[in-house]
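You will see two complexes here that share subunit A, one where it goes with subunit B and one where it goes with subunit C.
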Partner chain A sequence: MLTFVLRRLGILLLTLGLVTVIGFLLIHITPGDPAVAAAGPDADQATIAATRVELGLDRPLVVQFWEYTTGLVRLDFGTSFDGGRPVLDAITDRLPATLSLVIASLLVALLISIPLGVGTAVHRGSIWDRIGVLLASLGVALPDFFVGLVLVLVLALQLGIFDATGYVPLFDDPIQWAYLLVLPALTLGTTVAAELTRHIRASVSDVLELDYVRTARSKGLGSTRVILKHASRNAAMPVVTVFGNQIARLLGGTVIVEQIFSIPGIGQLLVQSVFTRDIPMVLGIGIFIAMIVLLVNVLIDLSYGWLNPRVRA
Partner chain B sequence: MNVTASRERGRGLRQTLTRGGGVDRFRRQPLAVAALVFVVVITTVCILAPLLTPYPFDRGVLADTLQGPSARHPLGTDDVGRDVLSRLLYGGRTTLLAAVQATGFSVILGVPAGLIAAFAGGWVDACLSRVADAIMTFPALLLAVVIIGITGPGLTNAMIAIGVVYGPRLFRVARAAGLAVLNETYIAAAKTVGCSPLRILMRHILPNALSPLLVQVSLTMATAVLAEGSLSFLGLGVQPPQSSWGAVLGRSVPQMSQHPVPVIAAGVLISLLVLSFNLLGDGIRDSIGRERKS
Partner chain C sequence: MNTDLVGQHVLDINHLTVEFRTVSGWSPAVRDLSLTIGRNEVFGLVGESGSGKSVSAMSILGLLPRRGTRIGGGHVRLGKTDLLGATSKQLDQVRGSRVGMIFQEPMTSLNPAYTIGEQIAESVRRHRGATRRQAWDRAVSLLSRVGIPTAARNAERYPHHFSGGMRQRAMIAMALACEPELLIADEPTTALDVTVQALILDLIAELRAESDMSVLLITHDLAVVSEVADRVGVMYAGELVEQASTADVFNAPQHPYTSGLLSSILALDSTREFAGIPGSVPSVDREFPGCRFADRCAFATDACTISPVALRRSAGRIHRCLRSDELVLEGAR
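Our next item is the complex of A and B:
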């Protein structure tokens, strides 16, 4: 087990290193001088040159890369071009909002996809199955921004049930926090739910055809008990594997959803930084998200090894 | 390359597509056929946009801003008085072209690398696979936004970003398809008679990889349309006055409560196109697999 964990962690560090190298090289290979971006739109040549020296952009690439990565090890993500604020501070400020959104969306996704996926698998071939599958295909194709805007249009602007936009921190007002998160979480949750439903349906219907399930049924166990006690464990394994992709997808989706509902999260910060060409911030957010995604993936790999001892070898 | 060689390869590819009555099987799937028809119709209509609409996409009549649907403007006008239907027709060209660019880029990036990884094996395979894994763990849209943040906004940058993000998927498919046939006797035979690695790749491995690649290309088109929509919606893709479906949608959001028609029209078009490419991919997978699906 220990070697399994260590190997996973090794791969994590390697991947993280690769992401950093790719991101860092992109800045310096692509057209557009970071110093020009940092100095601002009205800067003259002298200011740009001064900024370049000030930020250390005149030094060899290898030196810059070394400083950046050793900084990362000390959890120093560099400083923003915009006001010189540490990148990590800005990110942790925005983290609670994004985390609220991601967790709420995940909840919505599971609440929709588990009943729908299991239900369609159990009643395979029925009219409900067909409708469920059609809904799932539709859900996969619907863009996040369109779902969000339609929800705002119908539930907020026409019916007035919800507020269209806004965010309140959890500890300021828990009720308002939950109330304002309903629409964003529905938006982000439905597209992920669609994808999960397809996987759960496929996985459950595979397991239901196995011999031991038939044995359980022929012993006279009710179908609810068979599904809950016998099928769910084994059916969960393939679904857990795609869970990592879905977490990544949720994090990606926050960029759009935070923009629509004006939630002050990391996604919104990223889009703002792209417009102000705040390159350290953009790169910092990229690496931070990569860290989270990789960590989630390692946890999933570990849980997979824990669920099924054969994987550990 | 001489004419005979290219004609030979053409026949190889065509045989792969039609082997075992794949076209017939495709024809028997109503959803896939409907999807194909939709893609063809939308493409044709968008190409013919200048003939179909009397309005330009980039100039409006300021007296006619934010009108609702009417006989003159079936989908109304936008905030600077441009006809929304015309913007959508011209915008469809940008959206489709962008999706083709992104998909093409990921094919160029992914397929040769995948075939080389399968063929070379060893550390070359290990290195390429690690890079692909690294890119794939990352949320696609976020990576695209980060790449645009570094290179600056614009549709070409956006599509290169999308191409980079989806390259690993094609890499994986090409690699898997390559590995699947690598140990077949006819590959060993080709080596024995002295075929060059390039010839083996082009003549023997690529045709076998073609059907899974075609499926992946169709699915990548779907995600590229989605990504173009998202990026242009954020204002990071197409720059004004250029039009695209995502741009039309993003621009209409501030006036959405009074004028919902453009938002809904653009959103429905994007969703239908994405759905069509997905269904098309599924349809191809079910019809040109090596063995018939049960």
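Our next item is the complex of A and C:
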């Protein structure tokens, strides 16, 4: 088990290094001069040149890269071009809002997909199964956020409930926090729910056909126990993989949803930083999000060991 | 064997018909099956693959898929309990408690995600209301009883650590966890090596001898029943075609199908294929005007294909052949 974990962590670090290189090159190669942006709209040539030196942009790319990566190892993501604020500070400031959105969306996705996926699998071929499958296929086929945005239209604009946008920190006002998260979480969560439902249904109905489920039934365990204990753990394996991919998708989705609902999260910060050509900020956010995605994947890999004892060997 | 206990019926299957939905409507995979199993008796149910043995066994405990399956008629009683009319809650009190079941594939019949011990213990907890500790101890002693070495340690291992023979022993321990009245063993040795087969059969015979448990032993291999069964029922295309004591069936079969099965186990190449009978079992939606075996039977006459052949009884034996009186069929001894 230990070597399994170490190997996973090794792969994680390697991937992270790769992400850094690619991100760094991509941003520095794209046209447009960050020094122009950093110097401000009315700056003359001299000011721009001075800014360039001040930000270290005049040095060779290799040197810049070396400084940046050695900083990363010390968890120093550099400082923002815009005001000189440490990038990590800016990110952690906005982390609670994004985290709230992501967790609420996951909750929505799971609360919809687990009952729907398991229910349709257990009652396969019934009218409820067909309705469930239809809904899930629609959700998958329609563009991201479409279902969520229709819900917004109905709930906010037609019915007038949940009609506010914005964000209130959890500890300031928990009720307002939850209230404001409902719509964005629905927008982000329903897309993921559709994808998960399809996978849960497929996986559970496959597992329900297996011999050991029949064995469990032959022991008189009762259908709830058969499904929850004997089927779910093995059915979870493929679903957990999809779940991991969906988390990456969800994090990407926050960029748009935070814009729509004026949530001061990391996604919003990213959009702003791109417009101001704030290279350290854009790169920092990219690497930070990559770190989270990779960490989630490691956790998911580890969960395989728990779900399936054969992986542990 | 506790012969004094033989005689009381533990299982009573009466005119059971089980149907599957096929392209041509509801087709019976089991037709009008009747058989009884006495206390402490081993009843062997044999027939080629596809003749309806597993479907019969699964319908006893209501394990057939609910969709696309229906009971066309008849009843199944375990002692005084009507099993076909039972609710799923009532069935769950019988499954694993009064009836234990083991299946052909020990490889896939155990859940890979739980330890062997847990999969036995959960049944004890469910039916006996035992604590975790008690149930685990019982699992360990059962494993040791079915011949698993260092049972306490092996109980904590997962199915993938076990060999096929050990898995099947574990399955038996699981089926016997609550001392059932009836053990249903559906092809318990088919997936195993020949040497392991004999050991598993010995184990089943031993366990029967030391309790008053009855056994429904299902197999396509007559050699298997010859060693342990008291009585034998032969199934063909969903129907019982012959039923008698094991000795009678082997010495003097009354149905050409039985005779064909016997000749194939004697075949020198011993691949256990049914070399003795040309053709194969018809699919469930095939209809026949007369004897369902006629198109494969070497003794068929025109009379055989006119109307369905009913079961006939004589001297404690049952068969379904029009010509049994005139035919002298080859046995195995």
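To be clear about the criterion, the second predicted complex is superposed on the first by the 295 of 313 C-alpha atoms of A that agree within 3 Å, B and C clash if a C-alpha of one lies under 4 Å from a C-alpha of the other, contacts with A are read in each partner's own complex, and residues count from 1 in each chain.
Note that contacts are C-beta pairs under 8 Å (C-beta built on N, C-alpha and C of every residue); 3 or more make two chains touch, one makes a residue touch a chain.
Because the structure is predicted, anything quoted here is derived from the model rather than measured.
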item	value
First (subunit B), second (subunit C), both or neither touched by A:Asn234	second
Partner chain(s) touched by A:Val168 [first = subunit B, second = subunit C, both, neither]	neither
Which of subunit B and subunit C A:Leu210 touches, first, second, both or neither	second
Contacts of A:Asp144 with subunit B and subunit C, given as first, second, both or neither	first
Partner chain(s) touched by A:Gly253 [first = subunit B, second = subunit C, both, neither]	first
Touched partner set for A:Gly220, first subunit B, second subunit C, both or neither	second
Residues of subunit A at both interfaces, subunit B in one complex, subunit C in the other	none
Subunit A residues within the subunit C interface of the complex	124-125, 210-212, 214-223, 229-230, 233-234, 307-310, 313
Residues on subunit A engaged by subunit B in the complex (per definition of touch)	14-15, 18-19, 22-23, 26-27, 30-32, 137-138, 140-146, 149-150, 152-153, 157, 244, 248-249, 251-253, 255-256, 259-260, 267, 270-271, 273-275, 277, 279, 282-283, 285-286, 289-290, 293-294, 297
In the complex, subunit C residues that touch subunit A	61, 63, 67, 88-89, 91-97, 100-101, 103, 105, 108-114, 122-123, 126-127, 158, 160, 171, 174
Residues of subunit B defined as touching subunit A within the complex	130-131, 133-135, 137-143, 145-153, 222, 226, 229-230, 233-236, 249-250, 253, 256-257, 260, 263-264, 267, 270-272, 274-275, 278-279
